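We call the chains A, B, C and D, going by the order they appear; numbering starts again at 1 in every chain.
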Amino acid sequence: MDLIGFVQTVASGVLTGGVYAMVGIGLSLIFGVMRIVNFAHGEFMAVGMYIAFALFRSFHLDPYLSLVVVAPAGFLLGAFVERVLLAPIQNAAEHSLILMTVGVGLILSNSLLLIFGAHPETIYTSYSTRTVAIGPVTLSVPLLVSFALTVIVVAGLFLVLTRTDLGRAIRAAAQNRDAAELQGVDTRFVQTAVFGIGIVLSMAAGVLLLPALYVFPTVGGIFTLKAFVVTVLGGMGSIVGAIWGGLLLGIVESVGAGLGATGYRDAFGLIAFLLVLLVRPQGLFGSSHV
Amino acid sequence: MSEAATPVLRSQRVQRRARAALGICAAIAVLAFYPFILPRALNFGVSLVLFAALATAWDLIGGWAGQLSLGHAAFVGLGAYTFTLLQRAQVPMWLALLAAVAACVLLAAVWGFITFRLRGAYFALASIAVAEVLRIVSNNWSSLTGGPEGVSLQDLPPLFGLDLYDRRVEFYLGLALLFVALMSALYVAGSRAGFYLEAIREDQDSAMALGVNPLRVKLVAFCASAALTSLGGCLYGIYLSFFEPQGVYALDLSIQLVLMSIVGGMGTITGPALGALVLLAFQEGFRNLLQQRSLLIYGIVIVLVVRYAPDGLSGRVLRLYRRLWPWPSRSPSAS
Amino acid sequence: MRLRLFAIAALLLCASRPASPADPIRLGVITSRSGSFATFGAMEVAGYNVAAAEINEKGGVLGRPIELLIEDDASNQNAGLAAAEKLAGQNVPVILGAFASSITKPLAGYLSRLKVPLVNTNSADTSITKPGSPYVFRVGQTTDAYADASFDLIKSFPDLKTVAVLVSNDALGHSTEASVREKCKKLGYEIVGAQAYDRGLTDFRPTLNGFKSAHPDVVALSSYEEDAATLLRQAKEVSLSPKMFIAVGATGYALPQFITGAGDAAEYVFSASPWRPEAKFPGAQDLYKRLVKELNAEPSHHAAKSYGGLLAVAEAIKKAGSTDREAIRKALREVKLMTAFGPVSFEDKNGFKNQNPAPSLLIQVQKGKFVVVWPKEVASGKPAYPTPPWEKRRESN
Amino acid sequence: MAVALSVRQLRRDFGGVRAVDGVDFDVGQGEIVGLIGPNGAGKTTLFNLVSGYLRPTRGTISLFGEDVTGLSPFRLARRGVSRTFQVVRPFPRLTVLENVMVGAFLRERALRSAEGEAMRVLALLGMERRAHEPASALTQAARKRLEIAKALSLRPRLLLLDEVVSGLNESEVAATIEIIRRVREGGVTIVIVEHILKVIMGLSDRVVVLDHGKKIAEGLPVTVAQDPQVVAAYLGSDDA
């Protein structure tokens, strides 16, 4: 690969990595506060993609605009799942919680299958294949827009976490749930809110990827796995870690594929994941929690 | 010790175990007639005993120790591939079997060592990754594994004069494996090892205070589970006589084993095998009716069982039974 | 309780025992009506149904109507085997199926042992008929046939010298790559890049960028439908401009979704295709209409292949004069049919056994529509060549 | 009197917080030593250090003359250190008997003899009639008692009791104190952390007082109770 090709490859890795980061942040936030690993995280993302797809097909709503619909829908869906399915078993053994999310994931992906069919769906917008050239490097417009929106969403999240009462309550609950409760934080509400926010992030990431990708009902599984990799690389529960983890995964995959091992692309991330577990289980990027 | 003198109330576990032992013997004896009763549903029979054995093996680590493996397909696949590739290289069958078991035990030891040291969901997270890495490697390392086209095993020398492709022979091999798996579960249920596994599942810190070395106990259980699963993988390979990475390393396969245990009851002796029976009979009976909905129904079953019957269906039945015959006045004739 | 459950299971299974052979000839069909291949299973079922209706309209076979016993394999090997055992137990003379190679291969081994002829219509793996088994027949073309057609076209443009290959990392992709490599070696083309990618999701840009620096004349592809559109869109993004894009593995690029998904990036792309309604085979348009009616949707070539497969089976039963499995197996090798799908016969050639040697079509996207450009006898248009570089196309927009 | 437990210059930091800071003390064989101090004084941290749940940042711990610093909890358990948890941790889905059997297995490998041993411990605590109930069905008081039963099932040489009477009513407290006394008569060395000063003063042979991670006093209960530093420490906190 020549230099330009390399720069090009890294650049597209960074852009994809940004969206991975957003998926990872949601997972990490949920884990940090609720100590639940959401095995249905990618499936929620697929739901987001299909909502955007359906809006596009029925009303020709621009996928980026559909965020306005997807975000509240995601919050409600997440809050509903948390209240109805997770809260009642929150003191159960860990494997029960994992199983519950696995079950939710199966229900989500197979409901999508029943509604939309197994057929992969793409949307074709005027900007789907548009590119901008920065010097000799060309970048995909949909990926650039997705990246920019990711930055905005993540910045918004940080504002919420640092500037609002809810955010302070979330951070307190993440550090020590019991202590937070003693200080009068309604941790029950915080958990519902956090799961809702986590799902919003996941579904929003799905919407952002839709113009650049395609969607099929089982696409979520792939992203659940990627979200795991991202969060473990960055340290479970760490939001900043998830950002670095996402970017790193994006670049590793992209460069790996560009160097000619396309078939092993998914393995790179997973092997890095296992190595991190062996050597540095707290994650590569320290433990700067929520 | 003066223990012989004090009349000890036998723990229910011991009674349950005796009952289970009888049940296992009876069930195996009945199943032994299966090929004569249903000679036209042998494929179903082989997958029944095979999956019952695999689910029982899964439960050793998943149910008894509470370490949720979502990647047991890794052992099915690694076992099947090791056995098949060595068979194709004309290695004696016993050696190929041994190698398959050894490979899986080694994998379990390394994977367990990495993840059991860590608290939390790391084991479950890693379990998906391990199976996935193996799938990707088998898919790409075509010169060794045949790549995505898979490998076929069409000629196997007869075993003690028996044709290994005869479904009846496969059935009895599977039945033998199921017997071994159930005996392992029976052993676990009534031994120190089983108490330790359950203690770790219930509360690892508390278990450590009582002298339990969690890493070691979990590793042993995981290796035992891996060894049994790899034997199942070998048989699965013979049964299919052709398989590919996509099939034997599939997440779906792992989830099926989990589901069988959940439905039948995790951490029970006969629960997982029973779960396999219920699930497979359901699948086969409604194969043409369910169509797209089967996985959706699995999901709903998982959610409902976790929410309302965390001990599985057999646990539910057991509790109902206990409600009808409360603790102190358990009448011996009730069983 | 254990016993009772066992008895229930036994009852469930006994319930499906065959009744005594009645008037119609019952043929077994195994396909994926559920699971990940369900879309294709539906296509197969439509093809079989249309063929059965056509046969029965003409009075059936040996004076008896045909009835299909369709079993779902749930896109799963185990269920496929159970289905095969069930059908074999119902004494069907022939089984047609399955869709996916991964399910067909265990079926082929199992049914060969039971000595039940298996007619496969859509599975792609080379190994199904090479080395094959006396009991296994395949209607669908092999990747060798796709490569033959593709390179016939490539040869006709002498300025093409170098080839880059990008295939999905699965059985079809690998055998496509093998076929392409063999052809290149034989015909003296240089391979300047070869990559396989995992199905799923995908950023092809790094790989395409890698290709770009190798400047291939031809980019040979094989991908499933979901990747086909993405791949061409991204080729446009990174301005990978060979003189020819050709999908040798006939899959995603030959489906209508490719055109809707890739938009203008689909233009000029060639693809091998087992069948198109535009091809000038007798009754092709009529078959297309019947399939549309049956499906209520746009049919794919899979349906046509299944249609041809059932016609061939009916022809073999006619020739055999009985429903005896051995007689039908022998008669299948005598079948020589021209159908709306194209020619169907089963021959031993180049190491293949009982393989339909039908040539593949080549199609090209021209102005948002598929045009059959090869072989000339059945073509509906001419190939547009060379593919203009992306920059030029943008200007013209 | 032989020394059962000896702690030297023990320190444990959590990030910037020094939870235990250079603590020294000895416990003689057969002694009951009370460990007291206001909330957050570092008592539970000290327990976790001695029972192996935390590694000391610095300092040593020795048990009957052997250095055991940094050994894991289960190795310490095998050497005779047994503990209860302040927040009781029964194995909820096991029966009471089975809970205790887990510990009994350390000395008795066979199922039957472990069962016999567990029944004897339960009898000592007067719990034999509830042996077959699942632990999750117990009341809080019974759980506290089960916690002691589990600890005793190891046949420990050193028993660490973390707030085993808090939350019990008066008669339950009396019964528990009686049990602790009997255990000591069997030759077991006991370190006890307790909030209720009356209990600890009555039970302990000696008392060690912690405040802000440091040992501020040590001696007979009567002497310590009058130590001005101790009084100040307790007055300064909310939970005297």
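FYI, a residue touches a chain if its C-beta (ideal position, glycine included) is under 8 Å from a C-beta of that chain, and two chains touch if they have at least 3 such contacts.
Nothing here was measured: the structure is a model prediction, and the numbers come from that model.
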Any chain that touches subunit D and subunit B: none
Most remote chain, CA-based centroid, reference being subunit B: D
Central chain (by mean CA position): B
Inter-centroid spacing, subunit D versus subunit A (mean Cα positions, whole Å): 46
Approximate Å spacing (C-alpha centroids) for the pair subunit A, subunit B: 33
Separation of subunit A from subunit C, taking each centre as the mean of its C-alpha atoms, in whole Å: 37
Separation of subunit C from subunit D, taking each centre as the mean of its C-alpha atoms, in whole Å: 73
For subunit C, residues contacting two or more additional chains: 38, 169, 196, 198
Where subunit B touches two or more other chains, by residue: 136, 139-140, 202, 292-293
For subunit A, residues contacting two or more additional chains: 263, 266
Touching pairs - complete list by chain label: A-B, A-C, B-C, B-D
Sites on subunit C touched by subunit B in the complex: 1-3, 5-6, 8-10, 12-14, 17, 33-35, 38, 70-72, 74, 77-79, 81-86, 89, 101-102, 105-106, 108-110, 113, 125-127, 169-171, 173-175, 196, 198
Residue ranges of subunit A in contact with subunit C within the complex: 1-2, 5, 8-9, 12-13, 16, 117-120, 122, 124, 128-129, 131, 138, 140, 213-214, 216, 218-219, 222-223, 253-255, 257-260, 262-263, 265-266
Complex interface listing, subunit C residues touching subunit A: 36-39, 169, 195-198, 200-203, 205-207, 209-210, 212-213, 225-226, 229-230, 233-234, 236-239, 257, 260-265
Residues of subunit D defined as touching subunit B within the complex: 51-53, 72-75, 77-78, 82-83, 85, 89-95, 97-98, 101-103, 105-106, 109, 111-117, 119-120, 128-129, 131-133, 150-151, 153-154
Sites on subunit B touched by subunit A in the complex: 62, 66-68, 70, 114-115, 117-118, 120-122, 124-126, 128-130, 132-133, 136-137, 139-140, 201-202, 251, 255, 258, 262, 266, 292-293, 295-296, 298-303, 306-307, 310
